[in-house]
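Chains here go by letter, A, B, C and D, matching the order in which they are written, and residues are numbered from 1 within each.
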Amino acid sequence: MSSILNGIPYVFVAAPLFAFILNNAVPRERMRSHAVALSGGVAALQLAAAILGFALLAASGRGEVRFGLFWSVDAAGAAYLRVNLVSLFLLLCVGFVALASALTAAKTIDDHRCSFANLFMALLLGMNGMLLATDLFTLYVFLEITGTASFVLIAMYKSSKGLEGAFKYLTMSALATIMMLTGLALLFMHTGSLAFADLGAAALSGASGEMDILCYGALALLISGFAIKAGAAPFHSWLPDAHQSADTAVSILLSGIVIKIAGAYGFIVLVELFGDLYAVRLSVAALGVATIAFGALLALVQTHFKRIAAYSSVSQVGYILFGIAAGSPLGLVGALLHVFSHAAFKSTLFSGAAALHEQLGTLDIEQMGGLQKNMPVTGFASVTSFLSAAGVPPFAGFWSKLLILISLWQAGWIGLSAAALGLSILTGAYFLRLQKKVFFGPRNPRWDDVKEIGGTIRASQIVLSAVNLGAGLCFPLVLLYLQSIGLI
Amino acid sequence: MIVAVYICLGFMLAFGVIAIMSDGLITAAITLAVTSAASGVLMYLLGAKWAAAFEISVCSGLVTVIFISAVSLSSGDKTKLPAEYQDSRRTKRLPAVLIVAGAALMCAAALTGFSLPAGDAAQTGLTFGETLWETRQADVWGQMIALITGTAAIVVFFKESENR
Amino acid sequence: MFKTICALLGDPVNPMISMCALPVAGGVLACLSRGRSRGALRMAVALLFGAANLVFALSLYLGGGASGALALGVQGLELRLAVSGIAALMLPFAGLLFLIVAVYAASWFHKREGGGAYMLLLFISLGMLNGALMADNLGVLLFFWEGLLCTLFGLLLIGRRENSKAAVKALALSGTADLILMLGILATARLAGSASMSEIAARPLSADGPGALGCACMLLGAMGKAGAMPFHSWIPEAASDAPAPFLAAFPGSLEKIAGIYLATRIVTDLYEFAPGSPMSLFVMVAGAVTLFFGVAMALIQKDMRRLLSYHAISQVGYMLLGIGTGLPVGIAGGVFHMMNNALYKTGLFVAAGAIEDQTGTTDLHKLGGLRRAMPVTAACFFVCALSIAGVPGTNGFFSKELIFDAALESGTIFYVAALAGAFMTAASFLKLGGAAFFSEARLPQGRRNIREARLGILIPAVLLAALCVLFGAYNALPLQTLIGPALGDAHIHAGWPENGTLVLLSSAVLLLALADHVYGRKKGGGALAAADHIHYAPGIKQAYALAERGLLDPYNWLMAAANGFSAACAWIEGGVTWFYDKAVPGLVTGTGQTLRRFWNGSVSRYLIIAVAGVACICLIFLLAALGEVAP
Amino acid sequence: MNGWIPVLCVLVPLLGACALPFAGKRSPKIRNALALALVAAAFAFSLASLPAALAGEPLAVRVKLPLGLSFGLVADALAVFMALTSSLVAAVIVIYSFGYVREYDNQNEYYMMVVLFIGAMMGLVHTTNLIFLYMFWELSAVCCWRLIGFYREEIAVARANKAYFVTVAGALVMLAGFLGIYAQTGTFDLEAMKGFPLPAWAVVLILFGILSKSATFPLHSWLPDAGVAPSPVTSLLHAAVLVKIGVFAYARLFVGTFVIPEIFALAVPVIAALSALLSAGLALRANDIKRVIAYSTVSQLAFILLGISSGTEEGFVGGLLYILAHAVAKGGLFLCAGIVEHSVHTKDITKMGGLAKRFPLTAIAFALCAASVMGIPPFSGFFAKYLVIDGMLAAGHPLLAAVFIIGAVMTVLYLARLFAKVFLGPPAFPDAKEGTSGMVASVVALAALALLLGLAINLPGSLAALIWEAM
């Protein structure tokens, strides 16, 4: 049993690498048609491996599984890679969103297929690497890889004029890089080693018992760096423009999982290491409130379908930050489950956007109207994503939000919990406006002859809606399973 | 030793400002090379010899070569920045802001008694090879995947699109 | 014979239930009889079921009352029925009157439309009235009491669907009165601890302090049903709209019986009604006001139906005045006056119905000289008119004397008002008799050949006139044998009133009225204008003008108040809707718009915002470092 | 086995609703029959659990879950009473909507949402856990949103959104209250928290949700606006079932489970009085037939809330009877309005008149239902109003009782005005023809039911008294 468990972590690194090599080895003409299928296969493999790994690891009861591919892992001070329950769950989410993106990409991406596959693998490697890293510097390196890969994916299909969104993403990432590197440098200077094991509030306080200014500065810079990557409130400016100029398949990846792994996972690590420092959790909570409020308010006034979805992602990241800020295991579980449910309903929404773009040619919601009649599947999928995002009970979104609210209330932040509840009515507001303008409102004669989208996008919409509803309905079973492995 | 450090910092600041301000791509490339060279010297002064070696050889050397070759290969009119990127209003105030920020940082460092670490920081017993291969295995992965991503990115940008 | 019928039907409760169910069955049968011979069929049903109901009522009366309970299952509302005292008397009396009115209605609708629905609703009303009279539990009394509301609304809608003003007005006013009664009943039941009248009668409640609310509301409810002010204004309206038999049934008899029965039960059983107490003053004042203004309005009417309906209102004033005094003689006088009024008022309405049946109109301008064409109707009208005017020797006179006696004892102002009322009643009936029967014929020549009324209408009129004469000539029968035992004190002085001065005064008033009529006739030219000199006298003219415009009509006050209140509500609602539709959405989208303008897409602005964000996070850490922010 | 009846009562409509669109694709007849069968099944199951509830040991199924989220369905007396009321009226409304919705499009979604709504109602009535109560509460809000926006016009969707916002905002505030309770007791299970004294702020938060759902004064604005929905929807949602959820929650939480501070025994009736008077005043002035009836609903709901919150047995029993009487009568009124509006194509009562001649059966049914709402015997409305006012007097507030009598008087005024304006007076639409036989039959059935319940009041009366003992 443990042999399989030890083998599984290798899949997450070997599979994308092998696919990358295969993608470039086979001559371009034949590879063109299978490139996206290959990336879909890799995503599916990762998803399966993560599920199997999670089950085995939970059953085996071992905290984590260390591995170093060619080297022994027990050398002193070795920066090995490891896999634990949190990272396995996030790897599962990565696989799930990558699969959804591949399904959409099969329809929407018709040129540069090989390059898309290459960058898809690079992005996958970046994210997997971040989740497997055991020290802050490796985490930063893989963060940069994810950043570069997603920048190129965004800028890939645009003419020189359309590079504006990608350019904004690049400049903001550069700012994040500067801050994170200085933070890491300050930390390294103070503690001598960046491995998770050595770091921790105790290590930081050192002999004198209280933190000196530089360590506070380091933490502040690290938090703002991850905030930019996560698209938290004051730093979210790049997200909508990046989404508007990126292809829909890339948008699914970007808002479905990249901002979660690059941003939220960073916060998970920080709170895990320096959680008992009240300032860290307070600043994450403050970011959370600002993110939800700004995201929702801005989403309410947009006229482009994907910008609304982008701001909605910004807003939902706020809830994940809330879960992390609570600091309790229940909060962490809530945040992770919200990562999964957000991935599910955001991918649904974006595949809806892809369908609309394919069939109508435009994504300006002012020109749409009453499409429920012509495009019932897309309409139904958008309703499931609305209900799950707004936290309407039978859907997955509600349960994860509920856990986050309970953890916030138990952490003593009653005001924040009430604010989260109040702001979720804003979530409902902008989704209802979207429904009214696009699907539910009076019919626009211009789209009378529009037919429903076919192929993989319809399949992905149906599967994703089923996941949204299914995860919600059998959530009590998930709770029982989590209790059996002692997480709640 | 402190004076040399401040000189290098001064060089870096000045040439950095010129690099941002200049309209010509070539002058920008050259001044960027000088900035990275100054940072290399600074690292050497602060005792990070390996890092200094890499900095000078790779950043100021190789990168500058690539920049200049790319600029010279492309046709003549590309040397000037396209019109819409020239933000005249901003260029006036930038140097003043940067110099003031530099001065502020310096006196902040002075105030908090920021002391330079001892010249030759305690060298860990390991040689460069050992640190890279034994303790920093994850970095090997990191470098490898970074190279892959870089090549994939370059391939995308400089390739004629297949079917257009 | 009657007892056997009770035994036949099992335990005592059964006949009582059947007295409610029997009329309903009769009504359904009458309504279902269709086809050519429906007139005769309905007459037969009316006779059969009316008689059966009368027999049951008499069997209960002679059987000395009965009581029984049926668990209705709802807390505080078990169906307890008990027939004793005044209820036992009222049941047969109502049965008798119903029989007469039913026959009259059957013959009236012989040729006309809407007969079936009318009979159905009339029979259901009888069922409800029987139920109300028999109810011992106050809640059950209210159940049957309000039931009359439905049938009243239905009856008023027959034939007059175009303008439904009278029906709506009746529903509104009686609905209000019934709801006030509900409040009164609940307060009384709550105060007494139990809702059964027989238990409350054991130890009556005091009418001052907490009991005042209950007593006042119940009295208001009783007065509302009887048709006294301030709930009276639908009756004249209904008079001009509703079919003629309706007037004879509802304002004529059923409503009066119910209203005065409840008023008597309140005064005698439920509350200690001290003669001088504020509650008795309240009832007497209401009685006097109704009496005076009712007949004042009747005086100037030019249409027979409206004139008689106003008289119906003013006669209630006499009864309330009598009961309001609280003295045994007053209460007996009130009840006796109610019985007399039921007889002669119904008789007058039947006579008016006969005239309308023959001539097609009740407008006095067009009528005249019917004495020769319809001698029997004229005779019956003449007998009833004499008794309503209270001419010595008639039954009206004896009951009025008792009320005058009681009124004099409790306050001369009430006695003077009663006398003025008697004067105007006499004057108006002289005018009516003169205009309709004695002046020369002014009918349009098309209606020259008027014959005597049909038998079905004539017999009820004659029967009623005969009863009036009977009650007048031998008044010991109603007083000592019927009302005395019902009210529990048998020694009421029957026969000729012993207080001679009262008799002299009232006959003087009658003579004065006759003189005024002769003077008015000569001055106004014709019997119809006999009362015009009073109508257009300087001070009184403006008062009448006000009344004409409906300013004194309580219904209009109620509607004005309701519309004013709803205008205020509309203003508040405007504010609430503004908040929901404009304020909240405007605020939210407003902030959204400003934020969108702030994030205008320029990279430098984004970077500045990001740096500001970093500064905030550093601030938080600074505060934490200085120990400000404790967990 | 017996535990399965409540589960089936909840699951059959919920899962059946999902099958309706597919049945609809095959043929409308099958879909209509299936919809009626599902609602009838809900009625049958709740009827099946009646004897056990009467015998005192209710059918139940309980599943233990972590975090105090234990799922439980108990068919106790209150649950069965509410389930029977709502599924009975819903069945009549579904029959009515066969004729009404025939010529409009997206009927599949209409029937799916109606049956889903009934499933949510059954779940909400039977559940014993606060979070699952909130779950069914939100599900009904979503169904209400889709149904109000049925005509897909601009105004209809705007009003649907408004209804969604107000009810969901209230529900979210209520959820905050539930979290507060969870923080203090550590569980969401109602049976475990029986008799727990609630702090005042938690009660206020939960009251927000209750008042928004049962459209009481400050939060009532969405109900009159929802007149844009088709008549069976307004009848189902705003008369018979949806608005009863709020009052049921009050009974289940504050009377059945928790002990609330004394102040609320006076505060809630005062709010109810305010709402009753204000909406009665507005009903007197409104000229849209559905808006008048909607304001009347707001006013009558205040009556029900008064009864249930009076804290005395008479008041509580009266409140429950009022729920039954109002559901039947008000449902009938809305359906009659539907028939009238469906054939004359206008909702403005000033343009109507004299329709009694053209719609004799509808006019009689409207008059009977209006009488029951006015509280005129022998209809069931009378007993309910009698007991509610009695309860108020028993609680020792004669002034409030008088205020509610004024409310009752205004009810008589505006319903008489409405009846006169629509059915009496000079005929305005001489050639209008009455709706289909199905529609008229269901309306007459409801009117007859109102009369029948009045005469046989002791059946629901004894059930209501039993509920009070169980509380």
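One rule holds for everything that comes next: a residue touches a chain if its C-beta (ideal position, glycine included) is under 8 Å from a C-beta of that chain, and two chains touch if they have at least 3 such contacts.
What you see is a predicted model, and the numbers here were worked out from it, not measured in a lab.
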Most centrally placed chain, judged by C-alpha centres: D
Distance from subunit D to subunit C - Cα centre to Cα centre, in angstrom: 37
Computed distance of Cα centres, subunit B from subunit A, in Å: 31
Centre distance in Å when subunit B and subunit D are each reduced to the mean of their C-alpha atoms: 72
Chain centre separation (subunit B, subunit C; CA means) in Å: 103
For subunit C, residues contacting two or more additional chains: none
Per-residue multi-chain contacts in subunit A, two or more chains: 213, 429
For subunit B, residues contacting two or more additional chains: none
Arrangement of touching chains [line / ring / star / complete / other]: other
Residues on subunit D engaged by subunit A in the complex (per definition of touch): 63, 65-67, 69, 71, 105-106, 131, 134-136, 138-139, 141-142, 149, 152-154, 157-158, 160-161, 164-165, 168-169, 172-173, 175-176, 179-180, 182-183
Touching residues (chain side subunit D, partner subunit C) in the complex: 162, 166, 218, 221-222, 277-279, 281-282, 284-285, 313-314, 317, 321, 354, 356-357, 367, 371, 374-378, 382-383, 385-387, 389-390, 393-394, 398, 401-402, 405, 408-410, 412-413, 416-417, 420, 424-426, 457-459, 461-462, 465
Footprint of subunit D on subunit C - complex, ascending: 71-77, 139, 142-144, 146-147, 149-150, 153, 157, 161-164, 167-168, 171-172, 175-176, 179-180, 182-183, 186-187, 189-190, 213, 558-559, 562-563, 565-570, 572-573, 576-577, 580-581
Footprint of subunit B on subunit A - complex, ascending: 13, 17, 20, 28, 32, 68-71, 75-81, 111-112, 115, 118-119, 122, 125-126, 129, 133-135, 137-138, 141-142, 144-145, 148-149, 152, 156, 213
Contacting residues of subunit B [partner subunit A, same complex]: 112, 133-139, 141-143, 145-146, 148-150, 152-153, 155-157, 159, 161-164
